[in-house]
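Consider the two complexes below, in which subunit A is the common component and subunit B and subunit C are the respective partners.
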Partner chain A sequence: MSVSVETAAVSAPRRRVRPPKLVVQHKKAIAIFIAPFAVLFALFYLVPIGYAVYQSLLVIQRDGTFGQAREVFGGFAQYVQVFQNGPFWQSVGRVLLFGAVQVPVMLGLALLFALLLDSPILRGKRFFRLAFFVPYAVPGVIAAIMWGFLYSPNLSPFTAVTQNIDFLSADLVLWAIANVVTWVFVGYNMLIIYSSLLSIPTEIYEAARLDGAGQMRIAWSIKIPLVMPAIVLTAIFSIIGTLQLLAEPQVFRTFSSAVSSTFTPNLTVYTTSAIPNVNLAAAFSVVLALATFILSFGFLKFTQRKDDK
Partner chain B sequence: MNLKRTAVAAAVLSAVVLSGCSSTTGSEGSDAAACTPADGKVELSFTSWIPGIEDAVDVWNKANPDIQVAVQTGPNGNSGTYQNFFNQLKAGNAPDLGQIEYDALPNFRVQNGLMDLGACEDVMASKDKFVDWTWGQVSLGESDSVYAIPQDSGPMAMFYRADLFEQNGIAIPTTWDEYKEAAKKVRATGSYITNFSQGDINQFAGFVWQAGGSWFQNDGTDWTVDLTDDASKKVADYWQELIDEDLVSTVPAWTTEWDNAYNTGAAWTWNSAVWGANSIASGAPDTAGKWSVAQAPQWKSGDKAAGNWGGSSTAVFTGSEHPYEAAKFALWLNTSEEALTMLNESANIYPATKDGLNLPILKQGVEFYGNQPIYDVFADASAEVAEDFAWGPTMTQTYNDVSDGFKSAVSGDGTLFDALKKGQSATVDALKAQSIPVKE
Partner chain C sequence: MSAILSSPANGSPDSNQASDAAPTSRIRRGGRGQAGGGHGHQGPAGSDTTRARGPRESPLSRAGALIVMLVFTLYFLIPIWWLFIASTKSAPQFGNTPALWFADFNLFENIGQLIAYRDGVYLKWMLNSVLYAGLGALLGTLFAAMCGYALAKYRFPGRDAIFNVVLGGVLVPATALALPLFLIFSQVGLTNTFWSVFLPSLVSPFGVYLTRIFAASSVPDELLEASRLDGAGEIRTFFTISVRLMFPALVTVFLFQFVAIWNNFFLPLIMLRDETLFPVTLGLYAWNSQVNQIPELRLYVLVGAFLSIIPLVITFLLLQRFWRSGLGAGSVK
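Let's turn to the complex of A and B:
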């Protein structure tokens, strides 16, 4: 990376009276400081992505059943498979529906809790702050197993409810999973929003109070607009997290008949790579990554445009 | 801009670099490898998931200072170890030996992951030591080749709650028709005769195996996929009826809920393999002494047909530099009385050798089963397992697709046979996607 920068500098026109020596030195220093990051970034981020893209462009050929398998360049053959794969797009639709409901509910709760923690009315703030955050300390898999027991028709401590309402049935399992995800992540998002609330200068509140605003008005007209960037940030994290759902459905698969091997896009990728059909799995991953990228940046652009108005 | 461009350049560069070192998957796998002893000391790596296998390997290591085996344990095959094997084979760092169930062998064979041990004289000479059908499972139908050493087998029989059948005056079913009649009587008491597992497609395959079906054939060039033959349809329709009439429960198997059903007497029988003896004992400890084992229900009265569920082998992976030593160890592990006794004690491994079926330890009564010598039932079943049932080259995918369909069926969406039809077309597609020739 630094090479291209230097050659560009060297080949700069020499006619200049004052060579930009100072700038070049800075660039070297920058390169040195960035190098550790750049190396790790390249090794563990760019190379795997490059490898996945490369793999997704290959197809397998073999001579007869037991002939040597060869990976040859197949262009976009795997991508054609991806776009023709019904279960994959069903799983994408499923997580989009999941996100459209779960993300607003979760962020609404997180905002509400953050505002409550920030309001002068509430007592025992330190306790509640910790209490809301504790579920985030429970690993996702453990949380899913625990909730699985709570939902179980015969083993749940609430069998009176679970024997009448099957939370693990095809109709409800998606929302049962949404509940687990919400339970785990509300506290985390609340903390991000809450720390943003803490950074609002108290003079603003003072001014608002002098103008006669009550707590509700302050929350609605001052706090929420000022923490909007934090809410946007948590929304983007949540969109990414939703599209990448894996652990919870994977755990629920063992005890619910309604969770198939292609329930979420990531589960489809996992199932495909177990065939093993790594090339198709790579193509799925690339498409999923692009979709995530488009959705989160689309959301960011959408909210920024609103700010500009 | 500049940063973006360099990032793209780096990505392209990495792709180019990587393409240099990964042009083929696996290495020479199809030719029979030379099988000659190495000079000096040899170290072998071995991955397995059998509990207590380390102890058997320790015994080997003490007796064979020149062939030292390092054993590594992982999760059950389909729970992650196969995925690791495939990744390791692709990366070229697979262990010398690995545990592979029979149903996964064709998959590894097609991926060129298995060393053909046909050149190892010791191995070929041991053919007659093994129960005939287990050799068919590891030779994949080829006469001069063998791709793994059979380790254990899973002949199927019927585990049943002897006490409950007796108390309620219900006769022990010997045919599937009687089984259905018994199911109605059991249901009248409020319990279920058994639980239909929508996730254990290999159990269902065992039923089809018993009924005389065969899901896959390979004639040397083309694969035939036949998940919807008459036997499969018969079995699927039978269980569909039981599900429709609410005569069997459909709790997902291997969950606490499922254990609980057996532990509390909510389910009375389990049509399972010999290794299931251990599963009941650990999953339903409160029912000790109340279980018995009988021959599996038959489609035709007086028959003795048996299916098989599970069983695994010890394979040598391509890339191993010491196939001779690896095969020698695998033979000892799976044929010596010493090792087989240890593996039976630690993990209920039921040997694949003819002599192994007569181990003293397998002749004793088992306390959990009211001191019935249950292994006699399984030894009889083992002799009746059909030899020509074959597995497909993308079994993980087939299982997943059929299981997805079975899950819908027990939720009331479609039937078990619909699921088999879906599994059939998905399997054909999966084979084509990997350029594996398939007849339609």
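Let's turn to the complex of A and C:
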């Protein structure tokens, strides 16, 4: 992301020769270009976030047991409840564990496939590229329904396996879901990394080959460092996706009683809002969005810091 | 099928790049003719001479690479193959014939039943999904492109601030917004309407990010100046010249927005009660959770799931030569 800022800075001075005072040309055109997105972004990003924060600061008060319910300002009362809510933090722990295992496995596979697609030792590249990418066209809900059947002890084509191993049991269902997510997204991440590999000038490999480097060596010492930005990008999106897990576990609730109504943080939000306890649900949402932001932003900063060394 | 799969990619960036690169690219080309054939023989005869300079890869590592890829091909394609087979079977045959091979070919009868079920609500769902995702992604891409273009090509106060806010928006996932959006829409009494799902889908911060990078690198300032000298207005220049130059990025943004809306589950789940407004994912989810009470639904869920992934697969394949080059531009930066 820092690179993009630089490119803008490089292209800009050409047009602006006399700096200190900024003369804005084409004001009307700029306004027309920016307004539609800006209005929608404000209405459907900024306002809802602000309103959710506001709602999370309210509590419901009743006059007596049967009195009318009123919303009054309650400070951080809802947040106290969030921090005392055991199931919510269990669900956070669950998706963190999920992410710590699933994201590296998925990105490792994606990187391996991308390197193989880019190396001269593989044939039939176009077929593999498409075959691996097809699952991305399957929505999470549909993929979860499909794998739900594939895991089932009676209906699965692999009953020999599923009758002996219960993938939908409390111990394994989290990893059964991890498999669904991996199945959908490996090809997508593979393509992002592969596109990045294609943009490396081939002369670099020429020089390495003349120095006697084999494909493994080239992959390890040249390709992987050069596509690191792409890997970081896929990692950030994967971290965000993991914390937001909802569709797959929601579908799995019909296949397995081991998936509770507070299995992931977002399921907790949904369940709480359906009670309805909107104020607490809003507080959950705010905490979750903040946690996601901090984690992905922190990861970005962490990887950039390593680059600086 | 394989002819359809391979033809659009002919103009794709890797073949362009391959043509001006030396030894490795020839082997890429050599492999191309047999794409999909995938047997473990050595490369074509010509390739050995072109690779004479570097150390040679053993046949063992070639075979190993191919085996790894073939095994994972099974992993990725068997579930879809199973879904296809399952949707060709009649309900009684589903449970008692081999799951990975055809029994009586009942696909069209099944589709007929699915469409007839409850006055064609399935077709309505598909239509809804096409509207939400198709129209939403089209408008969303246009708005994102206009904004990204303005951020890249004009200097004005607040430009960096806008970009940073948008960048923050990229890191706020759509699902985190579902509940806040529900709260807002219920304030104005618009939950359970078409607009409650459609309008929020028009916003694509990632699209702004991508088009901004792409506009900065692919729309030369000289060209804009020349257009100005010709007397064309800024808006007209954008639609006649810049959009064309940014096209690969626009297709990429469109596709990812399309997929994001098509796959979005939380927003419709939380917004919609009226079955006739459901997108197909939510509809199939609703049927799937009733399978235990209404067993006949199982067949409809499977056939419906199979039909619902076809439009997306076709869209991706048709547009792949565009989006692959756009994707490369976004991830390198």
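Note that in this section the second predicted complex is superposed on the first by the 274 of 309 C-alpha atoms of A that agree within 3 Å, B and C clash if a C-alpha of one lies under 4 Å from a C-alpha of the other, contacts with A are read in each partner's own complex, and residues count from 1 in each chain.
Just so it is clear, a contact is a pair of C-beta atoms (placed from the backbone, for glycine too) under 8 Å apart; a residue touches a chain by one contact, two chains touch by 3 or more.
A quick note: this is a predicted structure, and the numbers were derived from the prediction, not measured.
When the two complexes are overlaid on their common chain A, residue A:89 makes contact with neither subunit B nor subunit C. In the superposition on chain A, A:254 contacts both subunit B and subunit C.
In the superposition on chain A, A:79 makes contact with neither subunit B nor subunit C.
After overlaying the two complexes on the shared chain, residue contacts for A:296 are found with subunit C alone; subunit B is out of touch. When both complexes are overlaid on chain A, the residue A:169 reaches subunit B alone and has no touch with subunit C. Once the two complexes are overlaid on the shared chain, A:154 sits against subunit B and subunit C alike. In the superposition on chain A, A:132 makes contact with subunit C only, not with subunit B.
Shared-chain residue A:280: touches subunit B; no touch with subunit C. For subunit A, the partner touching the most residues, choosing from subunit B and subunit C, is C.
Contact with both subunit B and subunit C is seen for A:49 once the two complexes are overlaid on the shared chain.
Across the two superposed structures, the residue set of subunit A contacted by subunit B and also by subunit C is 1, 4, 47, 49, 51, 149, 154-155, 254, 273, 278.
Interface of subunit B with subunit A (complex): residues 2, 6-7, 9-15, 18-19, 22-26, 28-30, 82-83, 86, 90, 109-112, 198, 218, 220-223, 250, 252, 254-257, 260-261, 393-394, 396-397, 400-401, 403-404, 407-408, 410-411, 413, 430, 433-437. If you check the complex, the residues on subunit A that touch subunit C are 1, 3-4, 7-8, 11-12, 14-16, 22, 24-27, 29-30, 32-34, 36-38, 40-41, 43-45, 47-49, 51-52, 55, 109, 112-113, 116, 119-128, 130-143, 145-150, 154-157, 183, 186-187, 191-193, 195-196, 198-199, 202, 205-206, 209-210, 212-215, 229-230, 233, 236, 240-241, 243-244, 246-247, 250-251, 253-254, 266, 269-270, 273, 278, 281-282, 285, 288-289, 292-293, 296-297.
Interface of subunit C with subunit A (complex): residues 2, 5-6, 9, 13-14, 17, 21-25, 27-28, 30-32, 34-38, 43, 51, 53-55, 57, 61-62, 65-66, 68-69, 72-73, 75-80, 82-83, 86, 94-95, 98-100, 142-144, 146-147, 149-152, 154-157, 162, 165-169, 171-173, 175-177, 179-184, 187, 199-200, 202-203, 205, 208-209, 212-213, 216-217, 221, 233-235, 238, 259, 262-263, 265-266, 269-270, 281-282, 284-285, 288-289, 291-292, 301-302, 305, 308-309, 312-313, 316-317, 324-325, 327-328, 331-333. Within the complex formed with subunit B, the subunit A residues making contact are 1, 4-5, 42, 46-47, 49-51, 53-54, 59-62, 64-71, 81, 149, 152-155, 169-170, 254-262, 271, 273-278, 280.
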